[in-house]
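Following this line, the structures themselves.
Both complexes below contain chain A, partnered by chain B and then by chain C.
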Partner chain A sequence: MSVPAKTKTGFLDSLEKSPATDIFLKGLWRKNPTFVQVIGMCPVLAVSNTAENALAMGLATAFVLLMSNTLVSILRFVIPKQVRISCYILIIATFVTMADYAIQAMSVELHKALGAFISLIVVNCLILGRAEAFASKNTVETSVLDALGMGAGFTFALFCLGAVRELLGNGSLFGIAVFPASFQEWVVMMLPAGGFFTLALWLFIFNAVKRAKQNKERGKALP
Partner chain B sequence: MQTMSQADTTEPTISLKMLKAMVGIGIVCACLIALTFEYTLPRIENLKAEALNKAISIVIPGMVTKKTFGVDRNNNLLEVNNKDKSPHLLYAGYDENGKLMGLAVEASGIGFGGVLRILYGYDPEKQAITGFHVLESKETPGLGDKIEKSSDFLENFRALDVSLNEDNVTLKHKITVVKNGAKKNPWEIDGITGATISSRAIGNILADSTRQMAPLINRHKSNLEKN
Partner chain C sequence: MKPESFWHIFINASLINNFVLAYFLGICPFLGVSGKKETAMKMGGAVTFVMVIAATCAYGINLLLIAVGAPFLQLISYIVVIASTVQLVEMFIKKMSPALFRALGIFLPLITTNCAILGLVLFQTNKGYGFLESIVYALGAGAGFTLALMLMAGLREQLDFAEVPEVTKGTVLTLLIAGILSLSFMGFAGLGG
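Our next item is the complex of A and B:
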């Protein structure tokens, strides 16, 4: 019984030690853009009213982040530092426009639900922040990994919010009814205020988990 | 003078580099956007037309083919091409034998959260509204959007009376929204408790639109009936 458990921890250890997975996990968990860095809050609060909207918004942002990080990293020796911000914005805006058309071509309903927030990905500080702080200083491979990690972290956070809000506010998940018809919906969860409540709840859970882990490590260090 | 000449030699190269980088990125980005636009355009237009067709077949049950009409400045009904960009106002739906099944009319007004655009079905035989479908709405989820979901409210529109007077120009009764449960006449709408403004907005939009459209449709009835 103890043998598979041992190999499992060994595998996880080697995963955490490898620098590539470390960069990816940093975005997904340790420096999660929403739960730890608390940046790019506008779409997090506005379009997380259903699980589907949240997932679509998260994926669109992750796509733009991946493409802009890649391009910024490729062009990092070409872009003069005096005009770097305008170059980044130009690149980001291009991919946002492409994502906008792609979502329209996928579903009119989805495009209607996300509305102006797709175009507003341009000014999401998460994307410009990663371009400026990471992609412009690192190789293409690590920038791609960073974008994948941060994008996954952002999508995960948005989905966490969207799932809770849809469950309580509409009694369903991905449009499929979960609770019986007698369930009284919490209308406030569908309203903007519900976004704040849910975000606070998740931040509380995230920090509680982190604190518990820290305490445990401190306990180990002190014999 | 020395500093001037130094500046002369370095400044243009930096500016040129900046210019090259920005113009280069700009051109690449413009190409990418143009390509995406060209590639997705047919699909987007298809989806939009599909959504509109679906909405029309909801308010005109049994529709097989349709014709699109617009209203010109002199209050005349004109058939317009589907590819025309002018605002479409009226759709006539026919069954497979070419019989007029009903009309779908586009109308809009101000709701609680902003512009509310709807499509309603009108039966020229019964002179009644037979249903409506929300095309665009910014009503509060959970409260104002009951206008789309509440079956009690939608029941009002099974046969909402908008019959014309003998002169064929004015309506006999104006559509009015009353308090929930107070509906007595076929031209009244039972409002929704908790969505008062949104349900009243629907009533106002229908009242405004039918005042203009019902006499117009009646005048061009023979025109609409032939397919």
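Our next item is the complex of A and C:
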């Protein structure tokens, strides 16, 4: 996770010159699936009540995304055009079943916390969207990069939400208390409504930043 | 587990644990097609229809998979059933009402990837519902989905005329409303005991 730090400190412009990092960064920042494209929202809202759950969900999704993007890209000349969506869904469902059983084997507790939402990775529009829009048209290497970027972007977004919600709703981060015991927990943040509010807040920040940047560029261009 | 009455299941799925506002299932169409009340209503109808068929099929499939001892195929077979049902509904709507077909646009095939439907099927299996219970559960979930979609569409129609700051327009505003709706739906907790 050293890359997100880099993007923040302004290496962005120099890094974007190489096409490989460009594809990766596109998913992580410029076309972040959650904050910019606003797709695959269901798991984002549902399991982001603690930072740990959010991170686990993000990693599971990233794994499925990586595997499905790779396989779809390998098979892109084999799959007939007419039945491609069904094929993609089957590929995705297979990997999700694998991820589901793997998580259950690693930690029963985590499996319980995430519940049906692991199976629901199948219907995450993000994964099908990348298979259709990117992996079916590009080489294996670029598809892998794309999946890594999008997966990292998705995990990053989930973590952003989960951290805020856990911090405000429970006064802790990764289960470790941050605030003193006198901290009054903001219970709403742990409830479903908190998910909507936190996401709205993050999108608001993203919009505001984008707007400020646009205004600055326009200001530069005019005089 | 003590047997629940049908009424109980229905209220539970539609109001107390509303699929959109409490479980966050089906957020994509919720944000996407909730612009107009009429479209929202029809979308809700289509989703409910797919839900009932999917729930019925899933019940049968589950019995079959347990009989042959292959529960790991559960997810894959469910998604195939849902995809076929959606295809069916799509052809039906295209034939019966081309105008509606155009209005729903890309969101019609996307019902396949609507988590509400797969979620419903998975929950139903987890809860061990019988045949009739599954159908009632599907109807309740569909009604809840339609209700949430309609409420949202009504609010958004009103907000088209409201003056809001430029940055909050679009998704941010929709999410804020959804949050408030979700809060108010919490008032149903405890209904039916």
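Throughout what follows, the second predicted complex is superposed on the first by the 209 of 223 C-alpha atoms of A that agree within 3 Å, B and C clash if a C-alpha of one lies under 4 Å from a C-alpha of the other, contacts with A are read in each partner's own complex, and residues count from 1 in each chain.
Everything below uses one rule, namely that a contact is a pair of C-beta atoms (placed from the backbone, for glycine too) under 8 Å apart; a residue touches a chain by one contact, two chains touch by 3 or more.
Note that this is a predicted model, so its numbers are computed, not measured.
Superposition of the two structures on chain A shows chain C fitting alongside chain B with no clash. Judged by the touch definition given at the top, the superposed model places A:L45 against chain C, while chain B stays out of reach.
By the touch criterion stated above, A:T97 is placed in contact with chain B and with chain C alike.
In the superposition on chain A, A:L199 makes contact with chain C only, while chain B stays out of contact range.
Figure note: vertex chain A, arms to chain B and chain C, all at CA centres after fitting on chain A; angle 60 degrees, rounded to a multiple of 10. Set against each other, chain B and chain C differ in how many residues of chain A they touch, and the higher count belongs to C. Contacts of A:S86 after superposition: both chain B and chain C are touched. When the two structures are aligned on the shared chain, A:N207 is found in touch with chain C, with no touch to chain B.
In the superposition on chain A, contact is made by A:V122 with chain C only, not with chain B. Contacts of A:L25 after superposition: neither chain B nor chain C is touched. After overlaying the two complexes on the shared chain, residue contacts for A:V187 are found with chain B alone; chain C is out of touch. By the touch criterion stated above, A:A147 is placed in contact with neither chain B nor chain C.
Annotation: superposed on chain A, chain B and chain C show a minimal Cα-Cα gap of 6 Å. Judged by the document's definition of touching, chain A residues 86, 90, 93-94, 97, 101, 191 lie at the interface with chain B and also at the interface with chain C. Those residues of chain A lying in contact with chain C across their complex are 38-39, 41-43, 45-46, 85-86, 89-90, 93-94, 96-97, 100-101, 116, 119-120, 122-125, 128, 188, 191-197, 199-200, 203-204, 207-208, 211.
For chain B in complex with chain A, the residues that touch the partner chain are 14, 17-18, 21-22, 24-26, 29, 32-33, 36-37, 40, 43-44, 47-48, 51, 136, 140-143.
Those residues of chain C whose C-beta lies close enough to touch chain A in the complex are 21-28, 31, 72, 75-76, 79-80, 83, 109-110, 112-115, 117-119, 122-123, 126, 166-168, 171-173, 175-176, 178-180, 182-183, 186. Those residues of chain A that touch chain B in the shared complex are 49, 75, 78-80, 82-83, 86-87, 90-91, 93-94, 97-98, 101-102, 104-105, 107-108, 112, 169-170, 185, 187, 190-191.
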